[in-house]
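Labels run A, B, C, D and E following the written order; every chain starts at residue 1.
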Amino acid sequence: MPNASKRILVGTAIALLAAAILVFPSLAPNPYILSSGVLVLNYAVLATSWNFVGGFTGYISLGHGALAGLGGYATGLLVVKAGLPSFAALAVAALLVAALAVPLGMAALRVRGASFVIVSIALVLILLLVFQSWASFTGGSRGLVVPRPFDLSRPEHHRVFYYLFAVLLAIAVLAWWLIDRSRFGLGLKSIREDEDKAEALGTPTFAYKLIVFVVSAGFTALAGGLYALWFGDLDPVFQFSILTGSYLVLMALLGGVRNLFGPVAGAILVGTALEYFKVEYGDTPLHLVATGVLLALVVLFMPDGVLPAIGDLLKRLDRTKKSSIREVTAAELAEQRKAAV
Amino acid sequence: MSLATHELRKAFGGVTALDGATVDFHPGKVNALIGPNGSGKTTYFNCVTGMIKPDSGRVTYKDRDLTGKAPHRIARAGLGRTFQLCRTFPRMTALENVLAAVPHGGLRSFRTRSDIERAMSWLTRLGIEHLARSEARDMSWGQQKLLELAGVLMAEPETVLLDEPAGGVNPALLDRIGTLIRELNAEGRTFVIVEHNMDLVMSISDHIVVFDRGRPIAEGPPSVIRSDERVLGAYLGV
Amino acid sequence: MQAGYGRAAPVLRGFSVSVPAGAIVCLVGPNGAGKSTVLKVAGGLLKPRDGRVIVAGKDVTGAGPQQMLGHGVSLVLQGHSVFREMTVEENVLLGAYTLRDARKIAERVAFVKEIFPVVADRWGSLAGLLSGGQQKQVEFARSLMVDPKVVLLDEPSMGLDPKATSTVFEQVVRMRDAGTAVLLVEQNARRALETADLGCVLDLGRVHISGPARQLLADPQLGELYLGGRPAEPVPDI
Amino acid sequence: LGTAGCSGDDQGSSGSSDPIVVGISLPLTGDFSEPGKGVQEGYEAWAKVVNDKGGLLGRQVELKILDDQSNADRVVADYEQLIGKDQVDLVVGPFSTRLVVPSARVAEEYDMLFVEPAGAAKEVFEQGFKNLFYAAPAVANDHYNHLAEHILALPADQRPKTAAYAAMDDPFAQGTAYGLKEKLEAGGVKTVVNEVYPPNTTDFSGIAAKVAAAKADVLVGGSQYQDGVNLIVALQQLGYQPKLAAFSTAPTNPEFAKAIGNKTTGILSPTGYSQDAPYESNKEFVEKFKAQFGKAPEEDQANGYTTGQVVAAAVTAAGCAEQGECQKKLVDWLHSNKVDTVVGPLSWDQTGKPQGAHMIQQWVDNDIKIVLPADVKEADFVYPKPAW
Amino acid sequence: MLLFQSILLGLLLGGLYALLASGLTLYFGIMRVVMIAHSAFLILAAYLAWWMHDRIGVDPLLSMVVTVPLFFAAGVGLQRLLLTRLRPATLTMMSVLLTFAIALTVEGLLGYAFTGTQRRVQLGYSSASFEIFGARIAVVKLIAFVLAVIALSGLYVLMKRTRFGWALRATIQHRDAARLLGIDTERVAGYGFGIGLATAAVGGTALSLDTTIYPSLHWHWIGPLMAIIVVGGLGSVPGAAAAAMVLGMAQSLLQIPMGTTWAQTVFYVALFATLAFRPQGFFGGRLAQRF
């Protein structure tokens, strides 16, 4: 019974969220709010993409910003240098980044825990160096200008991309859900808990990690590429930034990494908070302090995220206490068993 | 011939953990592997299941060479194992822990009725069904030990390698586990059990291999081992 | 005494035990009964929700492990608690962390090296690289470095081979003879009860039966339920 | 700078007494914060001067300034906000080429006039912007034109033979250095070292070692500020003495002399602005600026002020200042007219590129003075440079 | 000549890297904490040195009298107030995020207090140097190097030879067991963290002698330092020192043919090579986790 009511609750929540996302553009009072909406959706896709790796396998990557940057640059370069149509370029770019994620993942996923985090940071820094230095190809610090896919007025441009991001988000969330309920997903989660044990139980851990890393990279690249088409100006310093990567982690954590909509909720919260800090403390570096403090609070007091915290709260209101201790003595158990035989 | 190793050797720096272990386990039987602390039993399991690579020697299973294969491949070939220091998935519930051992297969949902029923029945057989929805990290040592056993049995490997299944398990329950092992063996499963609890070993095994310093020094049925002098000297300490 | 973890239901529900100096009290019970929890409370790792811990007539409820050590209470944990990335030497010497008397330490070191040969053999290697049983031995050796008034041992024989098990039980007896109060948790229940003076069966966080160890051992009903034997009359539950 | 809220008054038609709101995003924090703040002062000085005189078209001028944290993504959002949400009447540019390019695109797409104080690199003018105007005399690549002419005019035996270039990886900084490099190479001065370093470089000993080992006659630093100082100190540590050393922007900074141990004599730098320049409005600017901020204006401040002047000229001529049709009028007017500013008369080609040249300053007797071109010089060109 | 000069420069640079990396190694190897904020504190120390020099006029080296104890105390505080709250099971991962947050906070506060302007200590001997075998060594760089060597040796002795060092390592490996042996784990862990942070104070002072500082500079240091500790073998102080020297030298030498930017990639190339060929690091082994 609690299962059914829970399902109804979740169902309504999803419907409400979807409806809110869909009607937002028509309620947005001006193009600026709309463009902020695009940004938040972009964050939501990125955080959800991050969560394929972070949520399932427990490998925390601070380097996903770099994958998004790669997606953006690949899309841009394919349009500019190869003359591909924008969305063909986007698709090819995502495939390229996914392909590149194979060797990257093979190197990075060999190590666990802290080493992996370090590798992911290194990934950002090395790509930054390469994209800055290899100016003849990437445009270097001059940046890369990605032509607009549609000839639309700016507000219309925002609106179209808003819906494109919404579609991408829906696909990413769906993919996450599919994996979450699958055996593949359970295998990934067992990696998160104890990799050796999982392997001994027959899970091809390396292949699993690699597959999910590639999937994650693909979605991240799609988001990055779509962002490039929307935004138009790429600069290595901002495309390959640890800060972006860490915002994704913050969002996913804040929302809850074990939860389908955790990253989305986190993106909405953090995205809005970032805007707010900017407005409030915009002319001082205190926005960094605010971000830092927020992150610290989440890590210290809500390491499982907001959604699970709310879930716990609901559970606590629910009176029925659960306990792990056995409620019958060994003797009673023996009796029961005898009766059952 | 099922699980066998030939001249398996493994040294860690100066310590020779396995020193030419040639062993042949009897298929369809309950085999025991005993020996003093540090005689190389766990290392032997690790080599067999691919967790570490032997320096030399061969591991074969049903005439297939498994030496140096990845652990998951070996597991899929039909060898399941438990760990001496019990290893459960701490933040997964007991039920999920057991389900995680179901052979994996793509995006199909794991929440099939039969899987769950099977998992629950294993928990019940090991006396921890009341913990199905508790996370493993909240369990006592012995409970985790049992949970791990349930996990490996869920995978239904043809050959089950158990590293000290009795460590920390209540003796009353242990009797039941002994019975369970015999039952499963009767269904055709092969067991290789590392254990220091001689009562258990002597009562359930058909064939015993005794290790000392990384190699077998004796083997045979319990009655023979019980009175083997080398075993008495090296292991039982009498 | 009442105790539990986090917000979950209590694990110990009105449990009391007293351990006279110069006696071994053995605590047995099914997995998850709360034995380890009793020791953790007594050792100061877990604060009881209700009830008191009394050492030598003094109420020390709520004291941390460091203070408990000051009161002469020493606890050896269940499972493996060696410092894996430190050498055996460092592990053993850390056992004497609170001692300052170099000569006494040297004496103790010589003593543990003698009774556990593996400690001497592997003096310089990292403890984490030893086999499971070897680690257990190092751990026990570490606990022998001090002379506490009260020793709490959580399954000290788990994973040990028969020889080492005997050594451990000998040492427990030696401690008792030296006037130490020993509270021993064991799943190797028959052996433990043979050694102990008093026995106490714990189930569901309560004392089920307690009495002289020999008497418990002889009780056929207890045997079936907790030691492997015949069932006793059920105790009503709330 | 308490400025207009978010009310977004949509009917700011000319003739009303509402203030004219000018929207600006500036890098007040982050990498470009120092020059960013300089430009801010320039803007504020301009607004005060205009308002003291009764405003533009009889309306007061109000600045709405946002901080973009030196971040290109932010700067776009800022202009998006200024134009879309705050409905400002006019926008003017941020500091630095890196931020100008993306923000100019937003203005372009909302059909807004975009006069900017600091997008000097040539990339700015290659984007096809139709509404952009750079409010300074010359683009980066032309900053050293006078110096190049002078060097190449030296008698053959005095003329330097080799040159070393070290430039920050930044379109502007590289633009200045490479503008000179191109001309010197064409004139036969051999390039012996050509180094590019990322903006965040702090350790210059490696670059310095290369330059010192090559013993180049001329050293050209494509620098912003601190990197120039660091490079000089590293070179001093290695005992390298060039005959001629030129750095973009760094030497004009008030802290410069002290930072390199006062061994400044002979160091060169291009500038688009001089406090003593004879242009009509300049005297007023220097005077009022000093009164307002208690210090003399530098180049960054002048650039901000100039930007204001350019916009003001267009608004006055077109007789309007609001979003919509009016912006086109402003743009058209600027394309076909010349504006008198504190850096001299400015006019632009179709891409918004100004048509002037920079002057060359040199440290002489603990002061920085204009030495080139000869017709406006305040001191004689020192060559070769004394040891530092 | 250029080669010899570059080798010298590489050596001096390597010394500084070694000191800073060993602080990181301390947290990680001994405490399983990935301390992203280490370089933020490094910059903070440099700022304090600069500030004292600028305001009070004392030599930056003297600032250590204040910063080293201050940082030690701050480290103890951080550990006791924040890091202890993390669950042991997820300590490593969560510590990354927590210390990342601390880094952001420090950076923001630095920016707030001192603005984003680049700062540099101006000393009478900033550009002084002396010559050996035709190459020049700047006095400030030599001082920084000597500081690094002293701090590094002190650290090594402390960890391997003192009771405190043992207690610290025991605490990290099995906290409950350590408590049961009478070790005051809270205090010990706090001190351990304090010592790590104190190395940042020394390093920051050394850094301030010869480079520019600005609030976001710490990002610039994180990458190379992290790469060094992986190449050196996570947790090994001598390993970190050796890797730092080798990589510092390599960076310096590679600058000759490749230029500044590409030369920086040597750290990451080394990092990836390490992972490919010797994941446990080139200069120190780690336990196999399996059992």
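Going forward, contacts are C-beta pairs under 8 Å (C-beta built on N, C-alpha and C of every residue); 3 or more make two chains touch, one makes a residue touch a chain.
Which chain is which protein? Per UniProt: A, E = Branched-chain amino acid transport system permease protein; B, C = Branched-chain amino acid transport system ATP-binding protein.
As the structure is a computational prediction, the values presented were derived from the model and not from experiment.
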item	value
Taking each chain's C-alpha mean as its centre, the one farthest from subunit B	D
Distance-maximising chain from subunit C - centres being C-alpha averages	D
Which of C-E and D-E has more C-beta contact pairs	D-E
Distance from subunit C to subunit B - Cα centre to Cα centre, in angstrom	27
Distance between the centres, which are taken as Cα means, of subunit D and subunit C, whole angstrom	77
Distance from the mean Cα position of subunit E to that of subunit B, given in whole angstrom	46
Rounded Å distance between subunit A and subunit C, as computed from the means of their C-alpha atoms	48
Junction residues of subunit C, two or more chains touched	8, 30, 32, 129, 132, 224-226
Subunit E, residues touching no fewer than two other chains	111, 116, 219, 259, 261, 264, 290-291
Residues of subunit D whose C-beta touches two or more other chains	29, 169, 196, 198
Residues on subunit B engaged by subunit C in the complex (per definition of touch)	12-13, 15, 35-43, 84-85, 127, 131, 138-143, 145-146, 164, 167-175, 196-198, 235-237
List of subunit C residues in touch with subunit E within their complex	43-45, 64-66, 69-70, 74-77, 81-86, 90, 93-95, 97-98, 126, 128-129, 132, 142
Subunit C-facing residues of subunit E, complex	163, 166-167, 169-170, 173-174, 176-184, 287, 291
Complex contacts: residues of subunit C adjacent to subunit B	5, 8, 28-32, 36, 78-80, 118, 125, 129-134, 136-137, 155, 158-166, 187-190, 224-229
Touching residues on subunit E, where the partner in the complex is subunit A	28, 32, 34, 82, 85-87, 90, 92-94, 96-98, 100-112, 116, 215, 219, 222-223, 226-227, 229-230, 234, 259, 261-262, 264-265, 267-268, 271-272, 275-276, 279, 289-290
